[in-house]
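Some structures to go through are shown next.
You will see chain A twice below: alongside chain B first, and alongside chain C after that.
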Partner chain A sequence: MSAFLSLENIYKTYPGQDGLVLADVNLTLAKGEIVALLGASGSGKTTLLKIVSGLESQDKGRVVLDGKILDGLPPEKRSTAMVFQKSLLFRHLTVAENINFAPRLNRAFERAELRARTSAMLELLHLEGYGRKRVTELSGGQEQRVSLGRALMTEPSLLLLDEPLSALDINLKWALLMEIRELNVRLGQTMLYVTHDQKEAAAVANRVAFLDGGRLARVARPHEFYSRPLSLAEAKFFGWENFIPCSLENGRLRSAMGEYALPGLALGAYRPGEGYYMCIRPEAAKNVGSGAWSGVVKSALPQGLGTLCEIECRGETLKLVLPARFVHHPGESVSFDLDPELFWVVPS
Partner chain B sequence: MKRFTAVLPFLPLVVLMATAYVWPVGTVVRGSFIEADGTAGIGNYRQILESYYFRDALFFSLRTSFLSTFIAMALALVMALALRDTFPGKRLALFMSQYNLSVPRLAAAMIMVLLLSPTGFLSSAAYSLGLTDGVAGFPWLVYDAKGIGLVITFVWKFFPYIGLSVLGILQSASRELEEQAATLGVGPWRRFFHVVLPTVIPAVTVSTILVFAASFGDYEAPAILGSAQRRSISVMLYLKYVDPDMKNPPEAFAMMVLSSLVLMVLILGYRWLTAGGARKRGL
Partner chain C sequence: MKRARGLILAVAGIVLLFPLAPLLLWSFTTYWRWPVVWPNFDGGHWLRLIADGRILPALGNSLLLSTLITCFALALSFFPAKILGTRNFRGKRLLELLLLVPAFIPQISVVFGMQQVFMKLGLYSNFPGTLTANLVFYVPYATLLLAAVFEDYDIALEEQSRTLGVGRLKTMVFVTLPAVRSGIIVTGVFCFIGSWAVYLLNNVVASPRFHTLPGVIFPLVSVGNNSYSTIATAIIIYILPVLFLLFITSKALASAGNLTKHNIL
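Take a look at the complex of A and B:
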């Protein structure tokens, strides 16, 4: 994979703030790729995006885009464009004037061509007929579409998106995520997409870069984070629950809950005698009512099709999602099996 | 009956407005039409409009107010742009730029006398430094017919009003919009004219109206710093009102009505212009 964007050994601190905001971050993007920068609040993902855009500068390291070193260049001199969490539309302009804001001010095109490109962008974003409207007349989703169109009109080499959909309701969010993917395919637009939502990252990105405490913990395809996390932090972030201390003996996991065969593991990666956590996904419960495991329900939280239950079982409290058709009340006994495919092991 | 019940909670406010505003204004307007012989007419207005001194005072007040407002606005914008970033000593700079808000206008005028008069601090300092050869060599900045001291006082006293209202916007909404424009490839000058200015115009409009009206109607500063040859409209009006000649109060009333009308027309015209611009810009 040839690197279109290359972030090399990026370090960043803020004055008056203890510790590194970013430490030795190395990341590459191929042309036309979408990479999601994923992490909890304060993990440094927005700072990294601002360093690429030129709104912040790194203490150490290099940003190279399409063979050109960007360090020291102001934002307007980089061929990047950014879409923020807030749409940040210019309230004194119409929708069309917002969309063609940058090329109009920079006199990038002749008037007729600018008009044609603006119309084409409005069409691409399903905003035909909105060109003359005030931006104050738009809904939240439409505002964010205009913001996206305004950035795309600059024909950036790299589009930076900083949690662009986090303020939208869930249905609108998924609709726009699909549109962003479609734009990526149609325009071949390279994108760096910041989010704290692992589902959003998995839906939009070709690859996910997971930032943990300012360090780039792992870059991988989204499903790998779900099925094979490499650390406790990763496992927690991608929806794993039930972290049970265990050790590895004779190729089997030994824990307070019993002894199990390692589920589909590359055994070489694990060393006997060291401490591990056995992780069990909440969706692992099956054969509810007739399984070999049994426990007592401590709490039950309905979640639509399933109920998230805390179950006291073999000295541990397991969080498992049980089908909603079985009504469970605290204090009741329940039996179930656990799907070994939804077990995983991470170092403690 | 229903309508009356709905109005009932506002009745105390209506009574208060009537006694504190409508009644005195009504008395002034009525008084302005009572002529020297006790009959009703427009003689007072004719008398005043034909008076060179009134026209001169009106022109003088308008000129000093326009100049003060314009300079205060320019200074306020520079101040707000300089103070929006974080830098060492920012708190002190912020304090220095707004402490004059707490100085009463009378005290502000007296400070200017101490500072700018021919025997004041600046004059003494200029003489000590050998820049002038005495009191006569220092320019007349107070008690002058051009109103320079007045303009300086109004600017000093009023520019924080505009500056602080603009600063709030520059530090929040405008900053984000500027960053957005920068990431779209728009340079600093274009960002200033196409993003910063349109964002602060509503706040500037409101605060400049307040500053213009305050300096136009101010009495203390012109009374202390003004010259005997050229009076501001407020000083002239007061002198007319307290004059022992009984025919003068009705003329003072007519003067009040006329100057209020001029101010009102100017403010409404300004609002109409800026609101038109804002409508055009969708604000």
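Take a look at the complex of A and C:
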């Protein structure tokens, strides 16, 4: 894979703030790829995006885009465009004027071509007929579409998206995620997409870069984070629950809950005698009512199709999602099996 | 709702403009006192004041002076106000208090000192001196007003523009200025009206060689040998430019919510 964008050893601190905001971040993107920068609040993902865009400068390291070193260049000279969490539309302009804002001011095209390109962009974003409207007349989703179109009109080498859908309701968010993917396929647009939502990252990105405390913990395909987390932080971020201390002895995992041989786990990567956490996904419960495991329900929180239950079992409290067709009340006994495919082990 | 708003505007208009009606009538009469009910209309006072040779040059001086004070005050205060309104830094509150000083301290306590300094600098009783003296008061005033405007301004709009490939200057012209346009107009109007009415400062620093309209009209009003009609005519000449300015900027004044929110106005 040849690198189209290359972030090399990026370090960043803020004055008056303890510790590094970004530490030794290395990341590459191929042309036409979407990479999601994922992490909790304060993990440094927006700072990294701002460094790429030129709105912030790094203390150390360099940013190379399409063979050109961007360090020291102002944002307007970088051939990147950014879409922010807020749509940041220019309220004094119409939808069309917002969309062709940058090429119009930079006289990038002849007037007729600018008009044609604006119309094409409106069509691409399903905003035909909105060109002459004031942006104050748009809904939240339409505003974000215009913001996206305004960035795409500059034909950037790299599109930077900073949580562009986080303020939208869930249905609109998924619809726009599909559109962003579609735009990526149709235009071959390279994108760096910041989000704190792992489902959003999994839906939109070819690869996910997971930032943990300013360090790039891992870059992998989205499903690998879900099925094979490498650290406790990763496991927690990607929806794993039930972290039970364990160790590896004679090829088996030993914990307070008992000994297990997990066929899906490549134990060769783990070393005997070291501490680990056995992680169990909440969706691991099956054969409810007839399984070999049993416990007492401590609390039950309905979640639509399932009920998230805290179950006292073998000296541990497990969080498991049980099918909603079974009614579970605190204090009741419940039996179940656990799907070994939804077990995983991470270093403690 | 729309009807109630119209009614309120109509009442406000009557209350504000009603006092002007007798002035306007008086300015076109020769004699209109009890028991005369129907006055003799005559435009003589207008002609006499215009022919007087002092009013028109003073009107021109005042128009030029207030316009330049407004322009300079806006230009000089724009960037400091933007920093004050959009950034947090150590000493910001102290700086805001210092900017309030010219508004708090009575002018009379400083104008005579200014007169001495301006005499030494060759700025006494001339146009540049009068302009400079006024700017000492109106630059901090405009800075405070505009800072309040910038407190409601989202600096991310500029970041957005620049990441789209638009340079600093174009961003300022096509993003920043339109976003704070109403606030700039309101600040300008207040600087113009404030400087239009300056009497003491101009009297001390500008007289005797340079005259502004208040400097000519106030003695005319206070000297007892003038009729109501002459005074009314002079006052109409004095307030007409301000009314005209308010009229052409009324839309911006109506949207000055950000200034009123911060209790600046």
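Just so it is clear, the second predicted complex is superposed on the first by the 347 of 348 C-alpha atoms of A that agree within 3 Å, B and C clash if a C-alpha of one lies under 4 Å from a C-alpha of the other, contacts with A are read in each partner's own complex, and residues count from 1 in each chain.
Quick note on the criterion: a residue touches a chain if its C-beta (ideal position, glycine included) is under 8 Å from a C-beta of that chain, and two chains touch if they have at least 3 such contacts.
Just so it is clear, the structure is predicted and the values come from calculations on it, not from any experiment.
Q: When the two structures are superposed on chain A, do chain B and chain C clash or fit side by side?
A: clash
Q: Now for A:243: first (chain B), second (chain C), both, or neither, which partner does it touch?
A: Once the two structures are laid over each other on A, A:243 reaches no partner at all.
Q: What is the contact status of A:94 with respect to chain B (first) and chain C (second): first, second, both, or neither?
A: First partner only, chain B.
Q: So in the superposed three-chain picture, is A:135 touching just chain B, just chain C, both, or none of them (first/second/both/neither)?
A: first
Q: Can you pull the chain A residues that chain B and chain C both touch?
A: 53-55, 74-77, 79-82, 84, 86, 88, 90-92, 101-102, 105-106, 150-151, 154, 160
Q: Quick check on the complex: what are the chain A residues that touch chain B?
A: The touching residues are 53-55, 74-77, 79-82, 84, 86, 88, 90-94, 101-102, 105-106, 134-136, 150-151, 154, 160.
Q: Touching chain A in the complex: which residues of chain B?
A: Counting only chain B, the residues touching chain A are 176-177, 179-188, 190, 194-195, 198-199, 278, 281-283.
Q: For chain A, which residues count as touching chain C in their complex?
A: Per the stated touch rule, the residues are 53-55, 74-77, 79-82, 84, 86, 88, 90-92, 101-102, 105-106, 150-151, 154, 156, 160.
Q: Spell out the residues on chain C that touch chain A in their complex, using ranges where they run on.
A: Going through chain C, the ones touching chain A are 154, 156-157, 159-168, 170, 174-175, 178-179, 181.
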